[in-house]
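Each structure below is given as structure tokens.
Two complexes, one shared chain (subunit A), two partners (subunit B, subunit C).
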Partner chain A sequence: MTRMFFEADRPGPAMHALVIGVGGYAHLPHGGGRTIADPLRYGNLGQLTSPPRSALEFANWLRESDPIRWAAPLASIDLRISPAPADPDPGGPGVGFPDATIDSITEAYDAWKERCATDENNVAVFYFCGHGLQSEEQLLLASDFGRYEGNHFRGAFAFDSTRAGFLQRPPRTQCFFIDACREVVPGVTAPLGGATADPLDRPDATRRRRCDHDLTLQSSTPFATARSRPKNVSYFTAALIKALKGGAALTDEFADWVVRTDRIAMAIDSLVEAEAGRPMPTAKGPAFLPTVLYRLDGPPDVELTLACVPEPALGRATLFYEPQHSGRAVRTPPMPEKWKVTVKAGYYRIGAEFEDHTYDAVSRTELINPPTTAQTLRTVGR
Partner chain B sequence: MPIVFVHGVATRRDPGYAKSEAARAALMRGFLVPATGQVPFFAPYWGGQAAAFAWEHASLPQGDEEVFGPGEETPAILLGEVWESEPPPDDRVVLQVARNSFADGIDLLFGTAAEDVDPEEADGFARLAVRAAKLTRPAWLDTARDDVEVINRLAEDLSESADEEEAFGPDRALLHVYEGLSRIRGAAGRMTGRLAVKALRPSLNRSASMFLGDILVYLRQRERLRADGPIATTIATDLRRACEACTADDPQVIVIAHSMGGNIVYDLLSGLRPDLSCDVLVTVGSQVGVFAELGLFDAVRAPANPATDRIPKPPGVDRWINVFDLNDILGFATERIFDGVRDFRYSTGKGAFAAHSTYFIRPSFYDRLATRLREAS
Partner chain C sequence: MSFHLNLRTHEQALRGVPVVVDVLDDGLHVVDQRTVRVNQRSSFDLPAGQYALQVTLPSGDRLTETVTSAPGSPDHDIALWEISPHESMQRTVVLKSGPAGGGRRFTEPGFQSLWVRLWTRVDGVWGVGAWPDAVAHWDDDAVAYVFPTGRRPHMLQIGGPRIPWRMVSLPAAEELEVTVQPAGDEQTPNVTLTVATEDNLAEATLGYLTAGAVTHAGLISDQAEDLLNRKTTNPAGAAVGGYFLLRTSSLERLHNWPRNLANWMQWMPDGALIHAWQLIREQQESREPVPARLDEARELLLVTVERGLPVYTEGLRLLVSGLKLFDFQAEGADPEIRDALDRIRPFVAAADLTQPTTSFLGSGPSVASTAPAYGLPRSRRGLAIVYDVAVADLVPLGLVEAGTSLWLNPPPVIGPAEAQMTPHGTVRLADGREFTDLFAAAAAANRTDIWYSWVAEDSGPLAFARDRARRGQLPPP
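What follows is the complex of A and B.
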């Protein structure tokens, strides 16, 4: 029995997570094992330092988040990590994790599926970060990809079928986060009929759909690449955590700040772009009905950008923002650039004043929502 | 260091134009500006104002069949240049070429791959090509069994630790090299039993007609409209824009002109538009010398004593380098006609007819050009 990364006894509905980070690939170049013949057919897939750290960051954040703020309190995290030889201790010296071979992943998946099925109001969270390729569906590579020379993909699993199969299983709320590439390579197209891998689960024509609230995010669109800075948390994973922390929050009917599945899907691209410094579109799953995943204990941070037009006015304006009904305005002296500031989400009076009276003062009230809000004030010259 | 590239004859906006232009620009930036790779780049397109064939090339001799599949013509040309006998077995083409000359092997692989690189991937591909051109002949070449082993060993030698980003999937630039190998195989297979030049006959006939056509159209425009001719205007506009893009930190303009492009740039700088200038002019596979001998430039007068009389380089040109391949029947020397120019010979090997079109797809050419430019400055 593999030791869980986190386990708590929760009566009633609970959240169960399976988190996988594959950075070390024994049979790819520099992986330490027998290297497959002609690795270039897969585009020279290398050892990865980011996925183990990304998986660990995600698992740590789940574990350290307030359990009562989830739609169902966190009850288990099963973490499987294969570190890259160049970064053997992503969790620190002496901290090891169960390997992410295909057998280990399959065993973990089956056990996680059972935990998830204990209550239909549980929340299921599946996270994978590592190499991926695109065939008829996305193929996710376990750490022993290439172990069997006759079929390298015995060390991989088919994601789309797995996802479709799990839709027919409890619980009602399911989240799948896949941080991997979806490129087509000669090694996938060359086998007659295309490369295939077994799924961890299969859809069954006789079963009905059990999932009502789905959030499936893939960090890359078909035929595209997912990336990270080496030895860092990946762009997608960092963005995902920010979304859950409040970057994708909005207020509910009680004016409480909540993170809903549909809002995460809406916010994730801009959050990834903020991490990567360039657009890196993600793929979103079937969605179904939105639901609240996480409740915040207060308004989240928002990056507010304030500016005014016409352009010459910006260098003369004293820009300000003021939380509604607070009477405490925060001002910036005239400067030629837009004003970027982090504020708590909510209603604000924003405006521009001109000490030299070259333009008319202007202000208005706006709802400042996460993750970022840009507001431009129109001013009129005197 | 704004760079202006002026293409030669027979360049048209066909479906492959955007890809080849992007790859060429990226390779030029990658080799010539290795530190940043980011400089203003201008590539005036004048093919649209050049020769049009009213009967859509009905004047070409009939009877030749298309021999090569899609994307196989470039590897056939490259292979034809360096391999004069029967092509090697199709699973050992790159291996045999590289054993004869490692630089030729790199040129064959990367020149073929460059054709299929999307513009947005061109910079990454160029970075890989720059690293490949710097490799010295590896010892494993003597024991490698086939092309698949060659490119896998090469990929290993070219792998570098990801400093900035790692991808959770394939290396796109290496994938293009891998995919190019199948086109090299295809081209070599179809060349079996015939000489490369025979196999390429339809393509060479077409190129020759375009070559003649573009020259004649330019000369006619020049006769009628002088500097206001459409081709002259297109190129002059980008030469001016390049000068305007100079900054105090980056004051040099480099103009690289291929074939007829070199003749036109010389014509502009020496006579039609003396207000334009550049710091370095590189003419590649050009006919400036022949045009001068034929008296086709305003600035060139026939010498009283051909043994000693020389024409000064255009006043707006600080340095002038002329590069030609000894195997390029359309590339000519200049040193014995002009003052202030240096001829450099670049040899592709054994080919005879196709070298003219392959300068700018060869990493080895850019590598040597970068060396010459450093020497010149």
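What follows is the complex of A and C.
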């Protein structure tokens, strides 16, 4: 029995997460094991320092989030981490985790599947960060990819079929987050018949679909590389956590701020772009019907930017914003730069006043929504 | 008490596009969610007070506005042209995700000699046809074409010296709108390509589905059955309706129309595929699955592969999923299924699954490539240059003869030019182009374009040669 990264004994529906971060690849260059012959056939695959840290960041955020705010309270997180040789202790000195070999991942997946199946109102969360390749489906590489010379892909699993298979398993709410490349390389597609890896699960032609609410996000499109910063959390994972923290929140009929599966899917691309500074579109799964994943305890943070047109007015404007039931915040003295502030989402009176009376004062009420809102105040010169 | 909302546009083709609007009261409660139509006045009967309108466009973009409900309140107008960089882009910006305008220009070196050509399948054989006599708008940040595709499979190919060759499936339409925009960065230039049929309901449904907004797609697609039922007049729309109903497991609403779509529109692989998945899903939901129905579904998947690649990416995903389903069931021992998988594997591997229509890197409709091709095709047949021709390509393309004398005329002075103010607030030039930006109107009116200043002996400004290249009128080699 594997010791869980987090486990709580909770009656009734609960959330179960399996989090995998693969950075160390024993059989790729500089991995410490026997290196596969001709590794370039798989592109420039090497050791990765970001995935273990990204997986830990995601798992830690799940663990530290308020369990009762989830659609079903968090009950377990199983973690499989293979650190890169250049970053052997991503969890801190002396903190070790079960390795993310294909056997270990398969064992963890089967156990997680059983936990998920205990109640159809559970929430299943699967997270993978590491190397990925693209064949007729996405292939995700475990830390022992290349261990068997006869078929390197015995150390990998086929994601799309795995996902299709799990759709036919309980629970009704399922989230799969895949933060991996989808590069097409000669070693995957050149051999006759193409490379195939077994899935962790298989779909069945006669089995009913059990998933009603799907959130499947794959960080990179085919031929694209899931970019990240060495020894840092990847752009996709950082954006995903921001989305869950409230970047994808909206209010419901009770005026509660909630994070719904469809809103995450709709917001993730702009959140990733904000992290990476360039568009990095994600691939999205079947979705089905949306559901609330997480309820915030109040309005989320929003990055509000205030500006004026014509532009010279900004250097003369005393800008302000005023929340619905609170006092006014003012920027003084006037500055030529846009005013960027972090505020709580909600209605605001925003405006610009001009002490030198060069322009007419202007103000209006706006709903300031997460994750970012840019407002331009149109002013008229006197 | 009430207020009235107008989503305003002066783009005729956008009129009637269904758009989902959420209304929040001053306490942030969602008090209404409904579909409104572009350029149609919608009334909201709500108590007096302040409200926020959250307009989610089919592109996935969201517009937020505040409005007051009070006696005699003026109509609240949201001008959709304000979110579009060009008049010709309005429909694309509203319906399609991605084309936000990333600040790149076709005049940059990475986009020179970017080309397109149109492939058509006739009697099962793909060939390059003449570049259509399309209605086109060339702006330096977007090029838009409108042309008919008719009832046969079409694929658009795009590529360039620094842009990988890509194939994009085109749906059947009387008026298909294709928009190309520069994207990527200086080191790795790329293009965003969007296609839209004239069917606003089908395109809005597809837009919401692509953006991950299934509920929104559901709100506007009460008429999804209508889409499918209109299969004889609009087969592409019928396919979109079918995919939507499959996605939402509305199996009873599919009726027997997928069978008819498969039988009547054999040139469109999506019909057989939708019918196959209708049978699979029915059997999966059935307490007593009928093996013969699954055999029929298996057969239909094989037929789909024979007919070609589905037009829509949703179909490509379903095709692979379906074939793998039967491959697993047979433990890999069904050679026909294996062959079908082997046939489509390279296309799926090279496909961009974020695009609404099937798109893959390839040198032709039958050849997906894992090592992208670059450059100009040697064959000039049906080739059209998207924006600028690289100067180095003018001679090889036969647009200018080697040794031709060139001289430089000074760029024209601004003005005079004739234009007209339109009732909807745009400046319309004599050639019919409309602008909201006076500078853009002046630049366009005066053709402040260096291609007009360089003049070739005998053939006039180089812009004329470029214009022939843009219209696919390259001389034969």
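Assume the second predicted complex is superposed on the first by the 376 of 382 C-alpha atoms of A that agree within 3 Å, B and C clash if a C-alpha of one lies under 4 Å from a C-alpha of the other, contacts with A are read in each partner's own complex, and residues count from 1 in each chain.
Heads up, the rule we're going with is that a residue touches a chain if its C-beta (ideal position, glycine included) is under 8 Å from a C-beta of that chain, and two chains touch if they have at least 3 such contacts.
As the structure is a computational prediction, the values presented were derived from the model and not from experiment.
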Simultaneous placement of subunit C and subunit B on subunit A, clash or fit: clash
Contacts of A:A164 with subunit B and subunit C, given as first, second, both or neither: second
Subunit B versus subunit C as contact partner of A:E7, first or second or both or neither: neither
Which superposed partner A:V185 touches (first subunit B, second subunit C, both, neither): both
Dominant toucher of subunit A (residue count), subunit B or subunit C: C
Which of subunit B and subunit C A:D301 touches, first, second, both or neither: neither
Contacts of A:K284 with subunit B and subunit C, given as first, second, both or neither: second
Touched partner set for A:Y347, first subunit B, second subunit C, both or neither: second
First (subunit B), second (subunit C), both or neither touched by A:D198: neither
Those residues of subunit A which subunit B touches in one complex and subunit C touches in the other: 185-186
Sites on subunit A touched by subunit B in the complex: 29, 38-46, 48-51, 86, 129-133, 179-183, 185-186, 219-220, 225-230, 234
Residues of subunit A that touch subunit C when the two form their complex: 134-137, 160-161, 164, 168, 184-186, 188-190, 193-194, 202-209, 221-223, 250-255, 262, 265-266, 269, 278-279, 281-284, 286-290, 324, 346-347, 364-367, 369, 373
Contact set on subunit B toward subunit A in their complex: 148, 151-152, 155-156, 159, 161-172, 174-175, 177-179
Parts of subunit C lying in touch with subunit A, wherever the complex brings them together: 24, 26-31, 50, 52, 54, 56, 60, 62, 64, 66, 97-98, 102, 183, 185, 211-215, 247-249, 280-281, 283-285, 289, 294, 320-321, 324-326, 328-329, 341-342, 344-346, 348-354, 361, 370-372
